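Heads up, the next two complexes both have subunit A, just with different partners, subunit B and then subunit C.
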Partner chain A sequence: MNILNTLSILAAAPSEATAIWLPVFFWTFALVSVLSSLAVLVVKDIVRCAFLIMSSLSGLAGLYLLLGAEFLAFTQIMVYVGGILILILFGVMLTNREPLLIKRMKATGLVAPGVLAGLILFTAIGYSVCTVDWKVTDQPLPADADTPARIGNALMSDFILPFEMASVLLLVALVGAAMAARRGGAEG
Partner chain B sequence: MTMASMYFDYANVAVFFVFAVVFVILNISVISVILRPTVENDQKDTTYECGEPSVGSSWVRFDMRFYTVALVFLIFDVEVAFLYPWAVVFKDLRGAIGGSATGVFVFLEAAIFLLILFVGLIYVWKRGDLDWVKSSSAQEVDARQRQMIEAKDEVRL
Partner chain C sequence: MFQSVFAKKIDFEPKAFQEEFGSVINSLKDNLPFIAPELVLVGAICVLILAGLFVPRRDQKGSLGLFSLVALLGAGWLACSVGTSHFPGLEKPDTLFQGMIAFDSFAVFFKALFLLAGAVVVIQTYLSHEFEGFAMGEYYSLMLASLLGCCLLAAATDMVMIYLALELVSIPTYILVIYRKADKRATESALKYAIYGSVAGGVMIYGLSLFYGLTGSTALTSLSTISMEGANAAVVVIAGFLVFAGFAYKMAAVPMHFWCPDVYEGAPIPVTSYLSVASKAAGFAAFVRFMDAFGLGEQIRIAGGESISIQWVEVVAIIAAVTMTFGNLSALFQDNVKRMLGYSSIAHAGYLLMGVVGMKGIAGDVEGFQAISFYFLSYLFMNLGAFTVVIVIASRTGAENIESYKGLGPRMPFRAACLAIFLVGLIGLPPTGGFTGKFMLLKVVILQKYYWLAIVAGINTAISVYYYARIIKNMWLEKGSSTEQILASPLGVSVIGLQAAMVLVLGVFFSPFVDIIQRISFLS
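This part shows the complex of A and B:
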């Protein structure tokens, strides 16, 4: 019921033009996201899977945008669509030893545990989505809902140390990634 | 900025998107079909490789160096994600007190952020992970190691 509330509020936007177009965009992004995720499971060609993941992640970015989370949406596109997907594609190309990359189920004994794990995960997420008391409001977002600017102001005032620490964390990740890739290259 | 005006901003993006899609579809599937002469030819179905006849399959195994470069790229991609909110507010913070201490402070914050990651770039560069062709010094080291291994093998024999 709570989810339905959220959806109906998303549809009931302030101006009339948005009220008409918002559900259209919402369902477009949602369908793109869900259908391409499902297609990833069905399609056998791994490179096509990677491109379907791209459309799924882009659809999610669109949904973030509709919710007013601009920073999240752009980070999603920049880091996930622009970065991690490239990494996945390179990973696919690196492991390629056959003329065509086709998914194959070798260990059929894994089907039952896989289904079980999927069911547990689905139940856990579904349960938490339905039971958590989401703070639903029908008020429009405040006038200063410009999320990138708010995050920027916060980073430059109250969260300067975490901001600089993020840089150190990235440095550690960079050095670690270079080390790991180097060792793998020496073996291969 | 209210929700409605934010959506209006993104209506611009939507218009661009629609134009881009329509432009490509119109050019490839409509206008070109009308204008081009239809001459059937086997070679038209081959992959375009700068006019050269393509050799072998495109499913070759990538060099490991691509992956290293992709990893390094990903780190700097996340860096940009951090700098994006900074860039949005920089002009406001700088102008707030007329480009005084706040502006310098905010600028230095980002400079330190970049500097810390620049150390990482120097590290990767120095180690030669970014070298597309191995440097001559690295090749010499490789050759020396190979000689040592061969020498050991000879002793064992």
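This part shows the complex of A and C:
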């Protein structure tokens, strides 16, 4: 708790002395998340994949923390790292005795177009991010911003319809996933 | 900061809360009656999931189907009555739920259209042989959830709502496509569909987040306030294309059409017919609303002292021409009826995009979005009708190939004649609703002086005659291997007959419908 505490205080109110540490943290988190996502592409064992995804998502959570979005950071860790990844690991553990290897397709003619498409998207978005005068607020986040309360209020007032409809979406997605995963499907 | 989250004692003061949120909560309460049809759908979804556990499996197709039918027709009736009782006066709020969705005649019209289409698809499911002995509770609840997404998508006026509704339309349909798991084609196409859908959704959300960064708000109305100084213009173009990818996926327009033929072929036929009408119409409704907020490029904006304008109309016109040409040329070479109708639905997305090109037509005349509305009304009956006959043929004879339609005419005269009417409508010949609809779309683009697009559409109509007429020719002029009569069920015959009658009514006595269409307007 202590480290996290310091970090977010660093981010929210950078003083002269602490400001120099911000880039260090930023680049550490950024490198962790980018490098581990790249590694997911080449690793074969699905358990290793899960752990790499975990470090990538945790790096992202660190970046959220640096932005002062501590609620988002903790949600990220609880939902993705704590929930989804553990589920993957349980799935592997309960279904297979041997290590589960991902069978990758042989390099077909799709590598070059794929890389090209990725580069185009990356350039387009990178260009946008770097050049535009984004609509940013110049007010610093107050130290007691209380973001969970604000998010909760927004979800229960302005965004109540999307919030409730997301619950319908989750319900049917759950029902559908159970149906699709059942042996024999709807017939079984 | 963390103390504030974890250590701070939360003081809940009812009075302060009432002061801060009382008016918001009251307005939310007032808004509830306006989404009555959606609430009925949500209730029906829950009932269906539970009922699937208790109703014996062999009865599920019929009894749960009947329940869904009643729910859909009830919701449709509610949509119309809530709609008509507040129009044209519209003293009621224009947007509901803090600007999340609009309550306008455009949304009401499309809601009624989706729910009617859903009702037809439920009947088609009952007629289809594909679900014998299946657990159907999940099927109908997923179908209703997707329809709920359609209703919200047609009304959405906020980027959060648009994205969420789009996913609510898509995700249940992934499961519907794979509902017959034993079918290898279904598994393959569902996987393609799901991957394609999530990529399209991901690309779209990149665009939406760029717009959010440019405006600082998720409301669609804020799109017109984007300042076009400096680099912004280029980024608006990038974001516009990224968002278009999401809509094009739902509309099955080039270049996001690749999933369409495979999924149409692999899915159970009622699901195919659902995808070809309801989810496509929802994509179009949202696209029309988005383009209206985004601006079609009429207004000249200033960039660094120079005046420039982004002519989205040109872009949409080119995409329309490419889409219809691609769809029609590919449909020529298909042997599977479902696959052929898949390519034909791509071609129809191209025709319908003509309506977006001429969206803001001449005042007093039929405007582009009204032409789209009318075309969807007739497309609903033509396309769903054609699929109903295809389902009956597949259930009775197991035939899905155009070759095996040979000699079907004399074996099922009434239904084959109705199929001929549907196909003539899809070509766009009089006296069908397809002709009236296409005439309006052409008129709209001609009034906008897009003569080349009208010519391309004309050539495409001529091309499409070949493959639609091939089915009619096979049915009536060729000799088949058997001459045995094909059994008719009263339900099937009456549904097919009703749809054929509607196609003819929309082609001959169209003026009352055109009157309704001309009164449609949307919030902008």
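One rule holds for everything that comes next: the second predicted complex is superposed on the first by the 115 of 188 C-alpha atoms of A that agree within 3 Å, B and C clash if a C-alpha of one lies under 4 Å from a C-alpha of the other, contacts with A are read in each partner's own complex, and residues count from 1 in each chain.
Here is the rule we go by: contacts are C-beta pairs under 8 Å (C-beta built on N, C-alpha and C of every residue); 3 or more make two chains touch, one makes a residue touch a chain.
Quantities reported herein were computed from a predicted structural model and do not represent experimental measurements.
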Which of subunit B and subunit C A:24 touches, first, second, both or neither: neither
Partner chain(s) touched by A:171 [first = subunit B, second = subunit C, both, neither]: both
Partner chain(s) touched by A:112 [first = subunit B, second = subunit C, both, neither]: neither
Touched partner set for A:121, first subunit B, second subunit C, both or neither: second
Which of subunit B and subunit C A:161 touches, first, second, both or neither: second
Which superposed partner A:153 touches (first subunit B, second subunit C, both, neither): both
Which superposed partner A:132 touches (first subunit B, second subunit C, both, neither): second
Touching partner for A:41 - first (subunit B), second (subunit C), both, neither: neither
Intersection of subunit A interface sets (partners subunit B, subunit C): 68, 70-71, 143-146, 148, 153, 156, 160, 166, 168, 171, 173, 175, 177, 184-185
Contact set on subunit C toward subunit A in their complex: 1-2, 4-5, 8, 21, 24-25, 28, 35, 42, 45, 49, 96-98, 100-101, 131, 133-136, 138-139, 141-142, 145, 148-149, 152, 158, 160-161, 164-165, 167-168, 171-172, 174-175, 178-182, 203, 206, 210, 213-216, 229-232, 234-235, 238-239, 242
Residues on subunit A engaged by subunit B in the complex (per definition of touch): 13-15, 18, 21-22, 65, 68, 70-71, 74-75, 78-79, 82-84, 86-87, 90-91, 93-94, 96-101, 140-141, 143-146, 148-149, 151-153, 155-156, 160, 163-164, 166-168, 170-171, 173-175, 177-178, 181-182, 184-185, 188
Interface residues, subunit A side, partner subunit C - complex: 1, 4-5, 8-9, 12, 68, 70-71, 121, 124-125, 127-128, 131-135, 143-148, 153, 156-162, 165-166, 168-169, 171-173, 175-177, 179-180, 184-187
Residues on subunit B engaged by subunit A in the complex (per definition of touch): 1-4, 6-7, 10, 57, 59-62, 64-68, 70-75, 77-82, 84-90, 92-93, 106, 109, 112-114, 116-117, 119-121, 123-124, 127, 129
